[in-house]
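Two complexes come next, and they have one chain in common, chain A, joined by chain B in the first and chain C in the second.
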Partner chain A sequence: MSSKALRPDGREAAVLREMSIVYERLDRVDGSAKFGFGETKALASVSGPIEVRPTLELPSQAALDIHIRPLASISGTDSKALSANLKGILSPALLLSHHPRTLVQIVGQALCGTDSGSGMGSVGRGWSASLIASLVNASSAALINTGSVPMRGIVCAVAVGRKASESGGTELLLDPSEAELPRLLGGGCFAFFFSAVLSSAPASDTPPCSLLWTNYTTNTPFDEAELERARDLAEAGVREVWKALKESVGTMDASQANIAPKAKKDLEAMEEGINAEDADESDDAKMEI
Partner chain B sequence: MPRPPSPSIPEKEFLYSSLKQSLRLDGRNPLEMRTPALTFGPELGWVECALGKTRVIAQVDAKMVKPPPERPLEGIISIHSELSPMASSEYDSGRPSDEEVTITRMLDKVLRRSDVVDKESLCVLAGQRVWHLRLTIHCLADAGNMLDCSCLAGIVALRHFRRPEVEVVGDEVTVHHPSERAPVPLSMHHTPYCLTFAYFPDATILPVLDPSHLEQTLSAGLLTIALNAQRELCVVQKAGGVPLAPDEILRIVGIAVDKAKELDKLVEQKLKEDWAGRTVEVR
Partner chain C sequence: MSLVLPGELVPAQHVNLKLGPGLLQSSSPSGESSTITTRAGELNHSPNGARWWIESNARRYVPAPQESVIGVVIARSGENWRVDIGAAHMANLDGLAFEGATKRNRPNLKVGSLLYARVSLAHKDMEPELECFDAQTRKAEGFGELKGGFVAHCSLKMCRLLLDPKHFLLSILGSRFPLETATGLNGRVWVNSKEAKHIIAVSRCIEAVDPDGRGMGEAELKKFLGTLDV
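Right, the complex of A and B next:
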């Protein structure tokens, strides 16, 4: 097929870049994680439930406070808009009513540079879809790492790009890299909600998931069928993200950056032994069901 | 978040009594710094600096702007250092805390007003085009002494950064993409380092260098000295109410000189290592 291996880094259209998940163990927050698709990396931290300022306090549930910060400069309107979106994406996954009159605070920090769009602040190309996807996944990983905020599921996200194909139509690419961005004719981030409470059919190895949010936009009109195709492509990709997240939970203690290599090896060996027994158990714990 | 809880009385007494015996809770000597760990990102001008569990990211980017009419021959440097709740939930964004104000002011004094970067070298076309350097500091975790960590990250980021090469023919300015011509390092006058000493209410306790979070919270005053390896003093800032004799300050400056030399050696070595492993494309 002509669409195979056309991408600058030699990937096929439906292949993700290599994912990296590191639990950073930042000192003064409850949980933190770094997630990256290739070099498109984001860091997120979660504190909560903590004491809340009276102005933010809600009588029936925990207040969810999200700050998004670009790598360069201070957060502008685009970052504020993104934090409002992220609030909508993450709140279905959290059981905020379990801790009324408290605060759950999430900070997302873009870690990649000017090429990915965040570096220009509000005058640049804005936040690229891959970076938004990284932020969503980093936040989910940080929430898993925190452990103190009850959740009903996990949100994972992935970006889809739209490119003109050689035959004149359009072609969809999973997880466009920085190098591909200038040639895209649109695209967007797709966030999916994974939870056993959903009624949709589960795949063989992942729980049921459903589309939660997308900002798919193109600069030429698109039809329902194209959106459907983009959704299906994203769903296949996002299942990979879920699996990577699940795998990372097993090595959460070992992924500490400053742990001694030998101790790390011991821990991994230990984890492997444990994992063999309680793979299903850890899955259940994560789903909180 | 409202006021963070202060350390408990046993914690306080334990710290003071151990400091009296010149012992620190993390096993350091009173005048020993946590060894800074510098990590460089994929791009030039992206540096992560860690002092123990205190972690800071500094990033530099440059763009071309028209200079203000009163300074047509100088480039512009701006420093952003907003603390986010990621450093600790006591820093709420929106309202700058005292800590944030101190850090911002000190960064401004150490990195901008002490003439670290040659501003005239940032001028491309007099009155028309100058470089605007933007240094952004992100504090990821506050485990004490964020100021020294931020200053170190900031200065290393400026040293690590390279701006694209520019060609001026008549009135026409061409900016060469890094893939065409190797980017050029910033022209810098000197490399100041910031060193913070904490003083305690009990005068018999000797000052400690690079205080941890608990030490910083329980200290009665901080003395911050910024100087370069050439023994030139840039900033001396004393905050807090501990009275100090002039001799004591001179003694601390003497110690700071040695520490700055050590730091300089470490930074130079790290920068060299990173540069050796990096290929900047030149055709």
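Right, the complex of A and C next:
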């Protein structure tokens, strides 16, 4: 654990890759966000509360419908299993009873893929632990962006990998990157729930958090102490994720500075295309009249 | 004023505490009450700390009583009309909830008619109800069917901005040409003017200023308006 041996990308064992959070403002959904640990990126969109099909309708709370799509092809059994897990992870964070007989729909899309193949627990094939963590964080960010679905707290996740160390024991790595995946002996995603409702004690700079879900699995047997170490490593990591999400709240509006350069480019493009668009819109206006 | 995420503790303590959107009070088994945030945004409070609320943006409308909305008549069911207000459920509008309406003399609304109405009942377990008059005075107060014009869609924050008399957009547009607007808090703005190009200009300006769209400021909007030939 304490070894200072650097990883392929130069990180120490307990350091996350650089996080990126972009609010995509996708059309025709109520909220959307892209989250990435380095290159491991996922996109999520949220609509809700919206009208629900009678088959899904619940009399006392909103129905939560989650669809997960892999990078290529249609969602298979592994994606379906992941969406069932994600439903369990996100449900405690949402105040679904505030909008009974409605639907909250989340669509997640992987924006990177490792080797083909499936299997939730296996690290490095199909849905790797880092990708699941990205997807959980992207869903949380999209829910924050939506604003119309009340939440009790938010869920953040990171992956922990397990590697044989040079001294013969095992070493735990926070947020394994794609390059590290083939050399891992196991690992998993750790999802934590952050909310002030967990305890009334005034927390430091982040609210209290508790472990919600993990799929930590290894090739060789592991003991309770190792899981405890992995949990502690992950907890330190998710606190960073929570802080990054909090910082991103200020970037949701278009009027913020970091989006301005892009908007300016858009303006120039718009001015060129204005004549064509105007003709388009006047047709709509005439129809309305 | 600070930015918050859902699930954070809010130091709201006052004998006469009033909590606005995005805040939830819960009491612990020991009888102490605490307030947490339920959405992300900017935390605001009144100078004496009695009123707290979160300022944030959203696209999906959740009905709240006494808010004015713009809806489209979808169907007629007996005496009532079913109106789409952009929320999860259709709203109900009583056929007699209009100024001067009686059993004999009812307004003639058709499917597809546009309405400016007030939400009179909003409860999570019931369908929202609308009215097109003030229940006390029984006068229309500007509510009723909207004829002609165009409905522009925007984010919920944008329609709150449009209702702010100090906001720059409508005064800039009003100084260029005469126009009529009706702002619904459900993200729909009805615009009418004599010329079609003015209506188009208004709806494009609303899109441009919308914080969920391009989020233009006052100076930028004036420049943009210069390119629009109005």
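One rule holds for everything that comes next: the second predicted complex is superposed on the first by the 236 of 289 C-alpha atoms of A that agree within 3 Å, B and C clash if a C-alpha of one lies under 4 Å from a C-alpha of the other, contacts with A are read in each partner's own complex, and residues count from 1 in each chain.
Convention: contacts are C-beta pairs under 8 Å (C-beta built on N, C-alpha and C of every residue); 3 or more make two chains touch, one makes a residue touch a chain.
The structure presented is a predicted model; accordingly, all values stated were derived computationally and were not measured.
Engineer: In the superposed arrangement, does A:Ser45 touch chain B (first), chain C (second), both or neither?
Structural biologist: A:Ser45 sits against chain B, while chain C stays out of touch.
Engineer: Examine A:Asn215 and indicate which partner it touches, taking first as chain B and second as chain C; both and neither are also allowed.
Structural biologist: A:Asn215 sits against neither chain B nor chain C.
Engineer: Going by the touch definition up top, name the partner, chain B or chain C, that contacts more of chain A.
Structural biologist: Partner with more touched residues of chain A: C.
Engineer: Looking at A:Ile144 after the superposition, I want to know if it touches chain B, chain C, both of them or none. Which is it: first, second, both, neither?
Structural biologist: second
Engineer: Contact-wise, after the overlay, does A:Val107 reach chain B, chain C, both or neither (first, second, both, neither)?
Structural biologist: First partner only, chain B.
Engineer: Determine, under the contact definition given at the top, whether A:Lys246 touches first (chain B), second (chain C), both, or neither.
Structural biologist: In the superposition, A:Lys246 touches chain C alone.
Engineer: Considering only touches as defined above, state whether A:Arg53 meets chain B (first), chain C (second), both or neither.
Structural biologist: Only chain B; A:Arg53 stays clear of chain C.
Engineer: A:Leu71 contacts which: chain B (first), chain C (second), both, neither?
Structural biologist: The first partner, chain B, only.
Engineer: Based on the superposed arrangement, let me know which partner A:Asp27 touches: chain B (first), chain C (second), both, or neither?
Structural biologist: A:Asp27 sits against chain B, while chain C stays out of touch.
Engineer: Where on chain A do the contacts with chain B and the contacts with chain C coincide?
Structural biologist: The answer is residues 47, 50-52, 103 of chain A.
Engineer: Quick one: which bits of chain B touch chain A in the complex? Just the residue numbers, please.
Structural biologist: These residues of chain B touch chain A: 1-2, 41-43, 46, 53-55, 57, 59, 61, 80, 82, 84-89, 92-93, 134, 136, 138, 140-143, 213.
Engineer: In the complex, go through chain A and note every residue touching chain C.
Structural biologist: Residues of chain A touching chain C: 25, 30-31, 47-52, 93, 95, 98-103, 144-148, 150-154, 194-197, 200, 202, 207, 242, 245-246, 249-250, 252-256, 259, 263, 266-267, 271, 274, 278, 281-282, 285-286, 288-289.
Engineer: Could you pull out which chain C residues touch chain A in their complex?
Structural biologist: Counting only chain C, the residues touching chain A are 3-9, 22, 24, 26, 28, 32, 34, 36, 38-41, 56-62, 87-89, 124-125, 148-151, 196-197, 199-200, 203-204, 210-215, 217, 224, 227-228.
Engineer: Inside the complex, what are the residues of chain A that reach chain B?
Structural biologist: Touch list, chain A to chain B: 24, 26-29, 32, 39, 43, 45, 47, 50-53, 65, 67, 69, 71-74, 103, 105, 107, 109, 111-115, 119.
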